[in-house]
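Single-structure report; data block below.
Each chain gets a letter, A, B and C, in the order it is written, and its residues are counted from 1.
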């Protein structure tokens, strides 16, 4: 529990109203109670405040007049709310101990205040930075580098030689540095090409649960600082992703694609290999990038569902487009003839 | 081994034929031998029985006359067959012991007849119900609740605070309760928003291998009773799924989507966030739901493959649709002129 | 370090130039240094050699004249380069020991020179062949068979009864043999059908990280010799995949589909169940196979992204196709009338 004034002071907000209010937590507009704070980022949500029981509202100066009751005024209410949640819901303090069941190679070096959970393994010559938190059942290979403050959730696998920056979060079940899908054609069969590159993650990178990022074939796979990747994403070998880019769930990026900075890739999008996407590109959900994109902006190729009967009619017409084109040309010719006669 | 009569008695079926037949197992129509039972749910499969060597056929009264030889007559042959397989292939009895290598927090409480496999972990204050089966290398966080009879296959991760109902099955590698993909925009970068909700699974829920279900951002992610989710599915934060809904493999559901009861979502379908789908909706494979669906029924936006040359022609025409529209309008105007003159 | 002549002798290549050159490694054309070898498979890359500092180039006889400096001439430079990497980057020798934290059932049998990593488990009656390498945190169920020389990376799960061939590689987090998604309809709910088949992998199969292959419902799921499957792929129960077929990342194949030999399935493609694809079929990325394919060749249904405004216009026209068809027919009728009058 903390008072509204104390919270305002931490967040750098101005309090309007009862600064002595005891704040218990943060909540959504629909479920907030009198001990909760909420936030408003858009005029369209002001209408919902009427039925909201929140104790106080985080709001920008421009929307502040629309809020009745206690408010915390700040330039970026969403960012302030994120910070407030960190204050109100402190993560339980890390143990800063190595569980007795963990298997740490003798040649590995662990920094200060490192936590290693039960049944986790750290390989030969691996260097783990200060304040790194490693959950249970994590496997870290040989010659890995993990920057200070990084967090590896349970079941993560980081394979030999990969480098993780500082303050990264790798969610449960993610696999960093598995072999890329690289084969040489030999008659009708395929010969595996050894994958000798690694994965390099920048600082403050977040990788979603069960996401996979393959090691490079010859050069490395590079993920820039502050890139955020959601769950179930596949990043193939030698992909490069620029800083601050966001990648939503279930995206697949094929080998040697280069994605710029400040891009946003929608869920289930696919990006083919050996192409480039410039900075500042947004790709719609379920869309396919099959050629380089050289101009910032929004791109899509997704089709939304229709009732099945209507969609089947559309599909039938899609297969008749050639016929339509022919009919139009024939009509134009007949029209030319008639007009010539007229 | 069991006789056909004994099996019929367990299943509540009527035997026609040799009740003393020794039944060894269940099989498909193509691979069944004389000790196997098979089942028929549709008239169209009756023709395959001629070449089938099965010892007996589970069949409904309406199709029973089409079956020569031993039969077990019942209202729902598929359900009866599922039950028969449970009888014929009993799962090996659970050990009901905690493996010595498992790490169980002192504050955790385990019910009666719980099995915990090698190298699995159970966190602080976690409550595990009676007859729960936990495989090897499973990680269960703090403050988790697991209902009686639930089964967690090897490598599963259940994160802090999540609630699993009774008689659920969580398949290998699934991750329940990882952080949702929630960030606040701060200039060009993104600030992580703490994800303080949890995941709540109802009873008899089945979750596929390597599927991920994120914890809620503020409120919870809710999966209703008897929901069945296949492998490699991604369920984002604050999704709600109604009872008895089926979700096939590789589906992605974005944040705060609300899916009704008794829906069927086809494989690789995508559902965008902050929308609702009513009860009784079927979505085709590889289709995208980008707006709320308010009427039960079947929906699709999938396009099936064509030979590449033909498909490229279709794509070229797709990009000429605007030109087609212009040509049609021009023709109509010219036609109007000519008709006016005629 | 090895001389160019020694390497040529191992690879069966002809040296042109300085056979005494010390070779340090292999590299890409853009990052190679004087101690590196590179390879050329196509005329179009010859132009890049001007700025390449590589010590030597692997090249075919037909392109050899385009290479200045040291060269290794051979029929298949890509295959030779793969072999060269194996020589230049030898994998660290397997420990060939069972880690003391591994849990091996008493009834399991391990061949010669088997490695089992920390915190891994091998179940009852499982048979592990010679030279098998099992990483950390791997779970192998009961009655599993693993052929000689096979490699299981960290976090892999192989469930009861599955058979893996010789010299397979199963990448981290893959799940082999989870239950298929099989239910019988019982009113509005679903009853689980026990999945009593297993998974059978041939020899030299490679399975990507976090890929899932379900066990068969009644018969088995079969993956042919030398099949290569990338990351995040879902193979449902009773799928059969022919020899030497390649499956790229994020593909989903539904139950009982039969895929031929020597096929190539592009990333994120979907293949519906209960259909057949003949040998020698290539499916484009993000395409959907919803009917059997009976003729070898290339197939696609993927649409590439456009700038959003343009795509929205295309989508609007797509929904007007029926209207277009009607207008064309109306124009034809009016044209017929006019032509009759003329």
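For the reader, a short list of remarks on this structure follows.
The rule we apply is simple: a contact is a pair of C-beta atoms (placed from the backbone, for glycine too) under 8 Å apart; a residue touches a chain by one contact, two chains touch by 3 or more.
Note that the structure is predicted; figures quoted are calculated from it, not measured.
Homomeric contact chain A/chain C is classed as different-residue, with under half of its interface positions used by both copies. In the CA-based superposition of chain A onto chain B, the rotation angle is 120 degrees, rounded to steps of 5.
Between the Cα centres of chain A and chain C there is a gap of 25 Å. Contacts with at least two other chains are made by residues 101, 119, 137, 155, 173, 210, 232, 250, 268, 303, 306, 318, 321, 324, 328, 331, 335, 338 of chain B.
Partner chain A is touched in their complex by these residues of chain C: 25-28, 30-31, 76, 78-79, 81-83, 85-86, 89, 92, 99, 101, 117-119, 135-137, 153-155, 169, 171-173, 206, 208-210, 226, 228, 230-232, 244, 246, 248-250, 262, 267-268, 285-286, 302-308, 311-312, 315, 318-319, 321-322, 324-325, 328, 331-332, 335, 338-339, 342.
On the side of chain A, the complex with chain C involves touching residues 101, 103, 119, 121, 137-139, 141-142, 155, 157, 159, 173, 175, 178-179, 181, 183-186, 188-194, 196, 210, 212, 214, 217-219, 232, 234, 236, 250, 252, 254, 268, 270, 272, 283-284, 287-291, 293, 295, 297-301, 303, 306, 313-314, 317-318, 320-321, 324, 327-328, 331, 334-335, 338, 341.
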